[in-house]
Amino acid sequence: MQSESYRPSAHPGGGVAERVVSCDLTFDVGEPADVALHIAAANGRAVRAERLDVTMDRRVLPVAVELATPHGGRLHLLRTPPGILSVSYRAELGPPPATAGQPAAAIRGDLPDLPDLPDLPGLEQLTYLRASRYCPSDHDVGFAVAEFGGLPPGRPQVEAITQWIHSRVGYVPGSSNVHSCADDALLTGQGVCRDFAHLGITLCRALQIPARFVAVYAPGLAPMDFHAVFEAWFDGAWWTYDATRRAPREGMVRIATGRDAADTAFVNVLRGIVVLQSMEVTATVTGLLPIDDSLAPHRLC
Amino acid sequence: MQSESYRPSAHPGGGVAERVVSCDLTFDVGEPADVALHIAAANGRAVRAERLDVTMDRRVLPVAVELATPHGGRLHLLRTPPGILSVSYRAELGPPPATAGQPAAAIRGDLPDLPDLPDLPGLEQLTYLRASRYCPSDHDVGFAVAEFGGLPPGRPQVEAITQWIHSRVGYVPGSSNVHSCADDALLTGQGVCRDFAHLGITLCRALQIPARFVAVYAPGLAPMDFHAVFEAWFDGAWWTYDATRRAPREGMVRIATGRDAADTAFVNVLRGIVVLQSMEVTATVTGLLPIDDSLAPHRLC
Amino acid sequence: MQSESYRPSAHPGGGVAERVVSCDLTFDVGEPADVALHIAAANGRAVRAERLDVTMDRRVLPVAVELATPHGGRLHLLRTPPGILSVSYRAELGPPPATAGQPAAAIRGDLPDLPDLPDLPGLEQLTYLRASRYCPSDHDVGFAVAEFGGLPPGRPQVEAITQWIHSRVGYVPGSSNVHSCADDALLTGQGVCRDFAHLGITLCRALQIPARFVAVYAPGLAPMDFHAVFEAWFDGAWWTYDATRRAPREGMVRIATGRDAADTAFVNVLRGIVVLQSMEVTATVTGLLPIDDSLAPHRLC
Amino acid sequence: MQSESYRPSAHPGGGVAERVVSCDLTFDVGEPADVALHIAAANGRAVRAERLDVTMDRRVLPVAVELATPHGGRLHLLRTPPGILSVSYRAELGPPPATAGQPAAAIRGDLPDLPDLPDLPGLEQLTYLRASRYCPSDHDVGFAVAEFGGLPPGRPQVEAITQWIHSRVGYVPGSSNVHSCADDALLTGQGVCRDFAHLGITLCRALQIPARFVAVYAPGLAPMDFHAVFEAWFDGAWWTYDATRRAPREGMVRIATGRDAADTAFVNVLRGIVVLQSMEVTATVTGLLPIDDSLAPHRLC
């Protein structure tokens, strides 16, 4: 099942073969509720097999609807009575396409090409330039410009930001909470994956580089959990960075893309009271995981 | 030029006839820059006549492109050399359609109707439930539920929120800045129109009511400026509220719709350094302005 | 050992007899360090017997010095080499004096009596009017005045604040962290004892009522831990309030008094790196604990 | 009037002769009020002549009392009826004593000398290690240690902090407000003198260096206003730094010393509503102002 071009190996440049990801969630639903789940692999084409099972008190509960989100994710809406809600998702995916991880020839946003203005940002880029809940880039312009503004714009700045975060912020479980924003990670010098991603996004946007949050399954992550990385836009493409360096980008499976963690939570309660009781995530690859040269350009499919 | 059905009057229920809005902006552009303007009337169909003139050092500068934003706005992108950039926009609009301000029959989001789940939120509603830069609704759930959670969901809660903000927050120019969020307005008890809107949105979202920010031209506002109101989703429609009560909603002309002020700024600098030098906004109606019963349901077109 | 006048009972107005408090702390000291401990009973006169044992890798480490803090506490400074630092404190105290809990006749601050200005605040009151790290009272004036400003100043406002906090904020272990301030408790509607105290102090100061933080041993608290309450100044005395209602005020033993938790931490590391490894606190009374009428005036000795 | 030993000059090392400072304040008092003024020169011994005139609606209003603050300041309390309150302060001071600006031989805190522990901090130093309203040093430890922790403790760290602030933060009137804290200055890269001082204090405390806020009259400042600097404790003394470099430290006249601007405001309203209407500050020296080598050690008397 392993593709010719992606032999998993212990060397940079090696490839990832088949990936299997899953998550099992249990919720206590206190009153009739509407719930949105953001747990399925975003890229339907890479999926070879997939299952989403939902039960309420052990009886099958149908998914109300699957919604396609603007930048390629899939959201599942449930309407559920009170009781114990169990969600089980499992997908098998082929290797990432050969073009992933390569410089883009001509990927553009949603703006029609203007012959004279080839690199004018489109609406997608504009959206990801804006400050968001956990990425208050308007507040951090001074710091970002003083620290990174002297570098050439685009890739050099994004790489410097990623390296700076890696060397300055410690990965400390429990050091942040659901209200923490990028400023907290920068100043306390601590955080978890979502804080690292928020800080990368914030510093990019403060330098006028579009940047966005990506929730992923991450084979190799330990302890296993949902993971988060960020993407920055330069040279006509979205490039993926992980300042935590806790799993190789090549094996990651995109779940959700958005402005920050507010857009990509694995569960959103739209009505009613729903409390997470248990959660288990897995993500594996066939063969060896590649070593990730963390600053090499990479594009996540 | 006044329509039969909209005789402007000094009584609630009176109507607005023709509206004329304009804005004149001057910027000092320090180096080659890309700029996005969010100043045109959102609803092209209501526009009878419209002009957008842009000059750089008194010579005409063409607009690179007009982009339609997801929820009905129009964004204009400029690429400009250094110098003095002048932007002049003027539009004449007819009266709001007769259906505005009335309860909606069947306005739905972007979700196909599901016979058994008629009021399941669509993607648009989901988006506007999420916390955003100036509307940290995740942080304020406890307060919102304690203060308003006892009321029936939907319209009663939104009306109570609007009234509470009006009675508790003072309109004080200069009391907030571009970094201020809804929490600041709630705690300091002061703000300007954008802070009032941010607070309304935040409290709605904290109660699981989708809510969003609307930048408008507002005939009757004094002193004249761009204005901001908010919309909340209930009973199958977006309803418009203005906790400042500084201009009648009936005359307002929508410019931009978004999560908060980060999505709707009248200018965004995408590249380069651009400093606002002067700004003049006008908005008038033919005839008398209506009196606004601030809690009556109203929909902005 | 029980005094005549303080028969412990299950009724309000009953009394507390002898109290025994202790704490045992273990620290991992990574390099030579200076440490300040704030764990001793503040009021030396009530102490019948007391012991402070400090060991470094099981050998006795002398306390460098005991410092008296401005408002009645006792601070112990240690200079320690690297290793395992163990601290053990134990005190037996008599019952609170009969005057505690009674209205004060003429307790004044540090200001000499001015015949014509009998209630002019002194330096102590001034200090506790000021905003502090976790009590940003300057930020919350608008909210405090709108919510409580209509009540008569002094006791009615403080009682209303205490009741409001009790009814609006949930006691949720883990909901806040060392950086959380009063605004977080007010808006999230959650916190632990220090957050309740910070919020009480903040709202008082925003109404021009001096207020301060008191760290205590609290017999009856469950689970047992250090506890925090607040004091407000009116009618010429400091009155003690506990918006958590988790232990009777009558049995409490004051440890430290200050602007907020920054002044009263049970340990401050002044030099070096010191990590808390374990901690155990006990506090008991002889006989039954009194029932606390939480709004009855009470003064803590 | 110029002293022999202090010939003002344009060269570093020159001296300051007589200094004259003044401030004139007008307030609108809306109801009976208590007001604390913090405008007098702190060091009474340096004062050669001094006047404080207070009038209410042009009639003399006596000062209720002068209070000595813990670290050398003088606070004046007023009780005033409604009306227009005018305050006028003027002082003539001699030159700073010859020992100012020199390394200290043996200045100690309030701790009795312990032969074996010569540099153990006293209560004064402990106080100024703690986080305060505008100096959230607990929140910024990670950043401070990563940026400055590699330098030798004490003077090298304080000098590096001062230089870093000067080079990274822009002095921009109007960029901050009364609620802004050191984090805002660090991240926005903008502030006024109080923000520069707050940031210096915060970074010092985060490195376990006691630091405090000093409000001063500053001859040479333009435009003239109250000014703020900070003091850090090392080598047994408080050393004064001004990261703004907007006036020579040698000519400064200390007004108030405290944890941050909350302790040193020139006016505090203790009761009633009092609105500042006008304010004028002057500060001059006889002869030329010295040039300040901003990193040379300096002690302010």
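Chains: A, B, C and D, in written order; residue numbering restarts at 1 for each.
Keep this in mind: a contact is a pair of C-beta atoms (placed from the backbone, for glycine too) under 8 Å apart; a residue touches a chain by one contact, two chains touch by 3 or more.
Small disclaimer: the values here were computed from a predicted structure and weren't measured.
Enquirer: With centres defined by CA atoms only, which chain is the most remote from subunit B?
Expert: It is C whose centre lies farthest from that of subunit B.
Enquirer: Examine where the copies subunit B and subunit C touch and state whether the two sides share over half of their residue numbers (same) or under half (different).
Expert: Since more than half of the residue numbers are used by both chains, the interface counts as same.
Enquirer: What's the distance between the Cα centroids of subunit A and subunit C, rounded to whole Å?
Expert: About 45 Å, centre to centre.
Enquirer: Distance-wise, how many Å sit between the C-alpha centres of subunit A and subunit D, to the nearest whole number?
Expert: Chain centroid spacing, subunit A to subunit D, equals 48 Å.
Enquirer: If you average the CA atoms of subunit A and of subunit B, how far apart do the two points sit, in angstrom?
Expert: 31
Enquirer: Pull out every residue in subunit C that's touching 2 or more other chains.
Expert: Within subunit C, the residues that touch at least two other chains are 139, 179, 184, 188.
Enquirer: Can you tell me which positions in subunit C touch subunit D when the two form their complex?
Expert: These residues of subunit C touch subunit D: 34, 36, 64-65, 67, 69-70, 75, 77, 79, 111-112, 114, 117, 120-123, 125-126, 129-133, 135-136, 138-139, 178-179, 208, 259, 262-263, 268-271.
Enquirer: Any idea which subunit C residues touch subunit B in the complex?
Expert: Residue list for subunit C touching subunit B: 139-143, 145-146, 167-170, 183-184, 186-190.
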